[in-house]
Amino acid sequence: MRTSTLILQTAALAIMPLQLMFSAFLLLRGHNEPGGGFIGGLVAASAFVLYAFTFGADSTRKLLRAKPQDLLAAGLLLGLASTIPALIAGQPMLTAHWWQLPLPGEGYLKLSTVLIFDIGVYLAVLGTLMTFVIGLMEVEQ
Amino acid sequence: MNLELVLPILIPLTAGALSLALWRSVRLQRYLAVLATLLLLIAGLWLMDTTLTQGFVVVEMGNWPAPFGIVLVADMLAAIMIVLTGIIGLAIALYSLASTPPGHETFGYYPLMHLLLAGVAGAFLTGDIFNLFVWFEVMLLASFALLTLGGERAQMEGAIKYVTLNLFSSAIFLSAVGLLYGMVGTLNLADIAQKVRSIDDPGMITVVSLMFMVSFGIKAAAFPLFFWLPASYHTPQVAVSALFAGLLTKVGVYALFRVFTLVFTQDVGYTHTLLLWVAALTMLTGVLGAAAQFEFRRILSFHIVSQIGYMLLGLALFTPLALIGGVFYIMHHIIVKTNLFLISGITFRLLGSYQLKDLGGVYRQRPWLALLFLIPALSLAGIPPLSGFFAKFIVVRATLEANEYLVAAIALLVGLLTLYSMIKIWAEVFWKKLPEHVTDASRLNSDVKDSGAWACYTPVVGLAACTLAIGLYGQPIYVLAETAAAQLLDPQRYINAVLGGAPQ
Amino acid sequence: MLSIVIDVVYFMLSLALLFAFIRLTRGPTLPDRVVALELIASVIVGYVGVHAIDTGVSSFLDVAIVIALTGFLAAIGFGRFVQRGGVRND
Amino acid sequence: MATLMALVVGILFAASIYMMLRRSIVKLVIGLIILSNAANLLIFVVSGLTRGAPPLIPDNAKAVAGAVADPLPQALILTAIVIAFSVLAFAVVLIRRAYEVVGTDDLDQMKDTDT
Amino acid sequence: MTELLVCTLLLAGASFMLLAAIGVVRLPDLPTRMHATTKAGALGAMLTMGGVAIYFADSAVSARAIAIVVFILLTAPIAAHVIGRAGYFTGVTLWEGTVKDELRERYGPISQRLASRDDKRP
Amino acid sequence: MMLLAVLSGFLVTALVPLLNRLAGSYIGWVLALVPALLAAYFASLVPEVSNGGRLLLEYPWMPGLNISLDFLVDGLSLVFALLISGIGVFILIYAGAYLKGHKDLGRFYVILLSFMASMLGLVLADNLITFFVFWELTSITSYLLIGFHHEDADARKFALQGLFVTAGGGLALLAGLILLGTITGEYSFSGLLESGTLISQHPYYTAALVCILIGAFTKSAQWPFHFWLPNAMAAPTPVSAYLHSATMVKAGVYLLARLNEPMGDTLLWSGTLMAFGTMTMITGAYLAYSNTGIKKLLAYSTVMALGTLTLLIGVGTELALTAFVCFLVAHSLYKGALFMLAGALDHATGTKDITRMGGLRHSMPLTAAITGLATLSLAGLPPLFGFVAKELLLEALLQSPLWSAGLLMATLFSAMLVVAVAGLLVIKPFFGATVKMPKQPHEAPMAMLAGPAVLALLALIFGVAPALPASLILDAAISASVGSPVATKLALWHGINVPLMLSAASLVVGAVLVHQWPKLQPRLHRLNSTMARRGPEAGYFGFMQGLAQFASWQTRRLQNGVLGTYLLILVLVTFGLTGYTLLFRYDIDLAFDLADSYFYEWGIALLVVAATVFACITQSRLASVASVGVLGFGVALTFIHFSAPDLGITQLLVETLTVILLVLVLFKLPPFVNLSTPWERYRDLAVAVFAGSVMALLMLAVLDVRYFESISTFFIENSYALAQGRNIVNVILVDFRQLDTLGEIFVLGLAAIGVYSMLKLRAEDQQKP
Amino acid sequence: MIGLFWNLLLALAWVTLTGSVTAMNLLAGLAFGYLALMVLQRHVPALHGYSRKIPRFAAFLVYFLKELIKSNLKVAYDIATPVWHMKPGVIAFPLVARTDMEILFVSSVISLTPGTLSLDISDDRKTLFIHAMFLQDEEQLRAELRELERRILKVFH
């Protein structure tokens, strides 16, 4: 039997952006409120799982553009990249670095190795879960 | 900062991530594998050099002071283990160039290999009990994936047992960490050690220490917790077997050495006596298991179990000489056992089987290979003047000096039975004529021009050279083991090095 | 008054959880169980809301957001399973 | 509350072990899931339970005013949950492949490798 | 006053949830149970979140409470649709008191097509 | 120089492949230069040693373990060194001819040279451990030599037997040596020599003694370990001549002689040695007489000789040790010669069975002559050195402080048999009618006769002028084993005395036995095969078989392939151990307070427990999965309730995704079936309940003790101040304990790789390595 | 949709320009954005009717809440009393809604309101199959559903 209906497809298209937006939100403010790379990544993965269940594995691959493994590799490399500033500075590995980039106006953007790391975590989680789900769905066919 | 302390973790992690990113280019992954393991070895030697001069090397991760952040700590034992990891990593990387089935290379073999090494290195270097758990899991998952890579029936069956029993071990470990944290409120090993020392009635600490003992005992494949090992180690492709054989169980042994010298020494009469009998029975059951096998890698697998007993014996006796023996044994065993697995792979390459009954005639066709086999095989059996003899000698001597005659007798008997197994392999694989029913014999001759042969033989020769060198020129190795043992027996130095801030 | 009401609400929600769980155990079909599971997720949303008021920590609401956004996925998964011909009474 | 939760954890351990001792691989997986939950809860319980005081620093403050729950075990458990999930995902796929290759879900029939 | 409002909303929300739970236990077949959970669950959450918004009287909190309600209203019917449809088409037995079924005859089990009217049955 | 000398054998092996190509069939002659030079070198040490000198040459090896490459040159070791290198010269030459054209000749020389070097190391080593190193090396090299015809299953089997027995003894020896080292604190023979009575009065003495004797007895083929030696005749003849007569089998008696001074001052020592020596002697002599294969026959007579040597050390008087040294030398000379001759006969006739030879004196006159000379020495007839030794032997036994008469009787008995054997060795092949043999007999080549000829001649010369070797070196050797300077007055003729009478008697009876042999032999042979079923060799095979059976039984029990069993054991060990320790070893208090829980906490707890129990008991897989989902929700509620929102969120998400994964996978899997029996289920339930109870108790006990406050205060205080984050849990994850998280994402990645490859890489897609 | 997007964008711009990131300010931004779009809608085709949608949506919300509570009380009553008053059944309901979003919205709202539950939609997207709990008076139910659909579609147009 078809597993997807018009209603589900339309709903998925409506819900998925919300989920993705929320996942980015969780990622970015995880340092101050519940959330962070993991939780954000898991929510993002949920969004893609919804998409995959609705539109199938192939469409999800196309939507993701990159292969899930590439997302994963990017996440891992970002995680490692967050150690580089400390190594360059000759500090112990994983020492955090913070930069405040002034924005036009009064605002400024707070950027840090911690954030880079969290993004790495996010991507790694997303890549991993996509590997699981897409892999399983493809095998199922 | 001591870069050499973080590099052994950072190099394989980076190599693993890069290999993953290079998913599509097997060629680059191959170059990277050799390069990264070579760098790992160099970093290990650098670390060992620093350890020799400084005693302890400590880096506080993220610049957060101990005991709050995670620290990496290297003493001599850790440095030794890292060097060995580098040696084995390099050997396996080279060997893999020729031996890895093409499908495996495109499905993550190299990333898995690097990350396994990273997990192993992390476990050796971390000074934090929970972080140890994390590295264990890195190592474990890498090993799960490597074990199942290829997807054959035996692999699946073996992997189910391997995975289940190791997960049980992990759960026990995690629970023990939780219980320990509940009591002492800290995770830093040095801090735990310090706090435990100041407890008047540390009975509960001892109780929890037994959970660590069981959990690490499972990882180390000690009696009666070893079942996962013989069920699985002979199932993956041979380079993976060899990598596991050399390093994985030793991480469990290392963890036992670490916590039962640094932290859990408040009731040595109980815990270490327990370890003593575990050690004895591990030796015995392992070697008997091997005697019952007629498959090259299964025999070797059971011998891993048996040899773990010797290492544990070193810890259990808890005397300076015994610890030296344990450390020496670890060094010897890692090199020798890896090599034997690699050789089993070469004979498999030649004859297409691991079953002794289907093998034969290698001595006639490949005398040099026969010699290369004899060196690690006899070393494993403790025949002088190879590395294994000195390892066994130190342990047995320590056992006798501790007046544990029965255990010493077992240790010696096990040596004899080990010899029996090695001779069985020798007689069946090398001496015996190639059985008539084996039709694949033509491969025996075609191998000469095999383009990848050098990659198979180089690590075997190198490891055999190490075995010989440890035997013939063992004094430097002995000094390393002695230094390591002295540090293990003086935990206050470790505590000061980590918590006092200043390197010793 | 609020604290009494909160306790009463906790009690009602606990009861709701248990009732829902009873349906989950009884089935008889998989969709019945999934419905029960969905209800449990909804009750937890309510529980989280009450808990936020009880503790005065609004950050707990994030838990509810996550449930609201992703909780129905399990149902979709099960639905997919059923429709792909999974054994109905199993 | 700790006592109650300790008893719950004990029951979880018992249940997980019972399930892992079954012969069906699916039950084994259920056992593994319960086991990881049990271990996580154990850490949570033995490192001290605190009601209604999450380790969050309020927006307007530089530090927490009163007592808050111990954040460290929470971080550990978070790590443990994710690790357990990874492992579980692997195990689940493993049993699926094993079932495909071996053709049974009876663990007792998967003993070719060591007999 | 605020407190009273909060109390009322909380109690009402919890009551609906409890009712939904009772319904899910008591009601005789899948679709009727889903009536209970989908609506009562959603309403219960809405009322509770209303209470939360009023209690905290903070725009950020209110925004989150509204978000929760919106998300629930968005997802609950979808879940109900998927489960209900799955249950229906895999032959969940309906309550004997069911009076009418205009869907069964329009469904082609082999073609898996669903027609608009009887005469167009696929 | 000494180090070089000892190791030269090893070093030269590297050149063998090259020489094999260059020297061709002369390789034996070329390589013989090595032992020849060595012999010359050792001979050059004779003057210094014969004056009672003792050379100690020290080379460091592993000082940390008291292991050094120290060499002790005294009379005893020098005699052995000379025998090893001297006989080695002829063996190497002989082997070149014996194995002429054999494709593995090069390998043979490699092993043989290694053996020679090991043997030299063994007799010269001063350090106990170095001694042991060489001891084991001789075992290994001899294994390789016995199994030289490795494609023959028997060769492999008996090579293993020899190795297993000697290496097994070797391990006991190692223990004994360690004990000795522990007693004296010094791991050297020279150290032992200066220890006085310290050793024999030490509590370790008996243990050390037993261990060392096991080592020595196995190596020197003493009863009941004698069986491996005749079986080792599967080796090529040069090997038998060298290892199994002249050198390796003497290593055990060498050790006994070496330790006689420091350890031999007890009744335990002498009694044991005498008893086992006598038993070995008799057994060897009898079996030699009852066998027909020429090499077996020689092997058993070697066993007899080894027994005699042990016996003499056991007697331990100055005279006995004199006899020991003389008998040792005499035996090495004639037995080496006889083995090489046996090889020549085999080579010439194609058979090893003396009953199938006859009348060879015509075709092989030279061989016959040399054989005659050697057998005379074997039989102990004047004027050969064997006679001198035999006289000394009988005299020593006459004067034995213990059991003199019995020993004499036994010795006489074996002497008769040996005389008979000697007779048979000459008469059967060379006299009588010419028999048809598998090959047309012809005289052996020079290379094969040179060695026996020289050795037989030496036996003659030493017999005629025994004072010559005595003054040169034998006295020194005797002194070394006695422990004090001895000056013997060896002579061929001591006049008519009791030993001579006894000797004569043995000759007469021996002659009768030769005559009766054709009648007796078949009967004895039958008797032997009956006895063999109960003898020590049967014991060996029984042991090996029993070992294999026990090993496979034990392995089947433990490693039975059933995951459930493994897990059951693990669980029982884990919780049995902790539970026992918790309850019975320490006084433990439990923090037990159920009253502090709110009712809704009971509700959550009930939900968790109910979900868990239902997940376990339901017969429906998906109900189980759904129930696990509820369990996850319950745990999440617990987290939320006790102040862990991040955990709650993560748990909920993970739970949802877990359920999804399970559902995706379960699609393929079969429904639940009850596979185990009710008994198994109750057993597992009991074990599970036990484990859970222990866990709960453990937690309650831990909750009670809480020795220290958590370090978390640091995180709480510094999270915002130093790490700029308000969510302390997240700050810990990404900053304070970032390394954990770094590891963790790699765990995730690994799982992804593993899953991906498992799903996508099919067995059929790849080729075998 | 485009209108909503622009409205959000304008609100964000407002927040950035004023430099104060609070919820109130964002709300203000939204309001100002809405006003701006109201002014603009006549000149931009894509924005036609945007200003009307918000009040219509609000009106619908009120209606919806009312229905939701009403239906819940009805269901609740049946659950809470021991005897079943319900007469459940599945009916086919012809849809006016055409676009994906409309159909989704209609079906969702139907699921959330009195005793009705959208089960599926026909392949030609013209008929929605609804499980109704109270089929005592089917025609009245159909009328109510049509009214509901009408109000929903008004928000879209």
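A, B, C, D, E, F and G label the chains in the order they appear, each numbered from 1.
The criterion applied here is as follows: contacts are C-beta pairs under 8 Å (C-beta built on N, C-alpha and C of every residue); 3 or more make two chains touch, one makes a residue touch a chain.
If you want to know which protein each chain is, UniProt gives these names: A = Na(+)/H(+) antiporter subunit B; B = Na+/H+ antiporter subunit D; C = pH regulation protein F; D = Cation:proton antiporter; E = Na+/H+ antiporter subunit G; F = Na(+)/H(+) antiporter subunit A; G = Na+/H+ antiporter subunit E.
This one's a predicted model, so the numbers in the text were calculated from it and none came from an experiment.
Q: For subunit D and subunit E, what is the smallest step count along a path of chains that touch one another?
A: The least step count works out to 2.
Q: Please give the intersection of the contact partners of subunit C with those of subunit D.
A: A, F
Q: Return the chain label for which the distance between chain Cα mean and whole-protein Cα mean is smallest.
A: B
Q: Which chain pair is joined by more contacting C-beta pairs, A-G or C-E?
A: C-E
Q: At what distance in angstrom does the C-alpha mean of subunit G lie from that of subunit B?
A: Comparing mean C-alpha positions, subunit G is 64 Å from subunit B.
Q: Would you kindly tell me how far, in whole Å, the mean C-alpha position of subunit D lies from that of subunit A?
A: 24
Q: Just give me the whole-number Å value for how far the CA centre of subunit B lies from that of subunit E.
A: Measuring from centre to centre gives 57 Å for this pair.
Q: Tell me, which residues of subunit G touch at least two other chains?
A: 107-108, 118, 120-121
Q: Quick one: which residues in subunit C touch 2 or more of the other chains?
A: 13, 15, 17-18, 34, 36, 51, 55, 57, 59-60, 62-63, 65-66, 69-71, 73, 76-80, 83-84
Q: Can you list the subunit B residues in contact with two or more other chains?
A: Residues 13, 16-17, 20, 61-62, 130, 134, 137, 141, 144-145, 148, 151-153, 160-161, 164, 168, 175, 179, 181-182, 187, 227, 230-231 of subunit B touch two or more partner chains.
Q: According to the definition of touch, which chains form touching pairs?
A: Every pair of chains in contact is listed here: A-B, A-C, A-D, A-E, A-F, A-G, B-D, B-F, C-D, C-E, C-F, D-F, E-G.
Q: For the complex, give me every residue of subunit F touching subunit C.
A: 598-600, 603-604, 606-607, 610-611, 614, 618, 620-623, 626-627, 629-630, 633, 636-637, 640-641, 643, 645, 648-649, 652-653, 656-657, 659-660, 663-664, 666-667, 671-672
Q: Inside the complex, what are the residues of subunit D that reach subunit B?
A: 20, 25, 28, 32, 35-36, 38-40, 42-44, 46-48, 72-73, 76, 79-80, 83, 86-87, 90-91, 94-95, 97-98, 101-102, 107, 110-114
Q: Touching subunit C in the complex: which residues of subunit A?
A: Contacts found on subunit A: 1-3, 8, 15, 18-19, 22, 26, 33-35, 39, 43, 46, 49-50, 53-54, 140.
Q: Note which residues of subunit A are touching subunit F in the complex, please.
A: Where subunit A meets subunit F, its residues are 30-39, 42-43, 45-46, 49, 68-69, 72-73, 75-76, 79-80, 83, 93-94, 96, 98, 110, 112, 114, 117-118, 120-121, 124-125, 127-129, 131-133, 135-140.
Q: Along subunit F, where are the residues that touch subunit A in the complex?
A: 645-646, 649-650, 653-654, 656-657, 660-661, 664-665, 667-668, 723-727, 730-731, 733-735, 738-739, 741-742, 745-746, 748-749, 751-753, 755-756, 759-760
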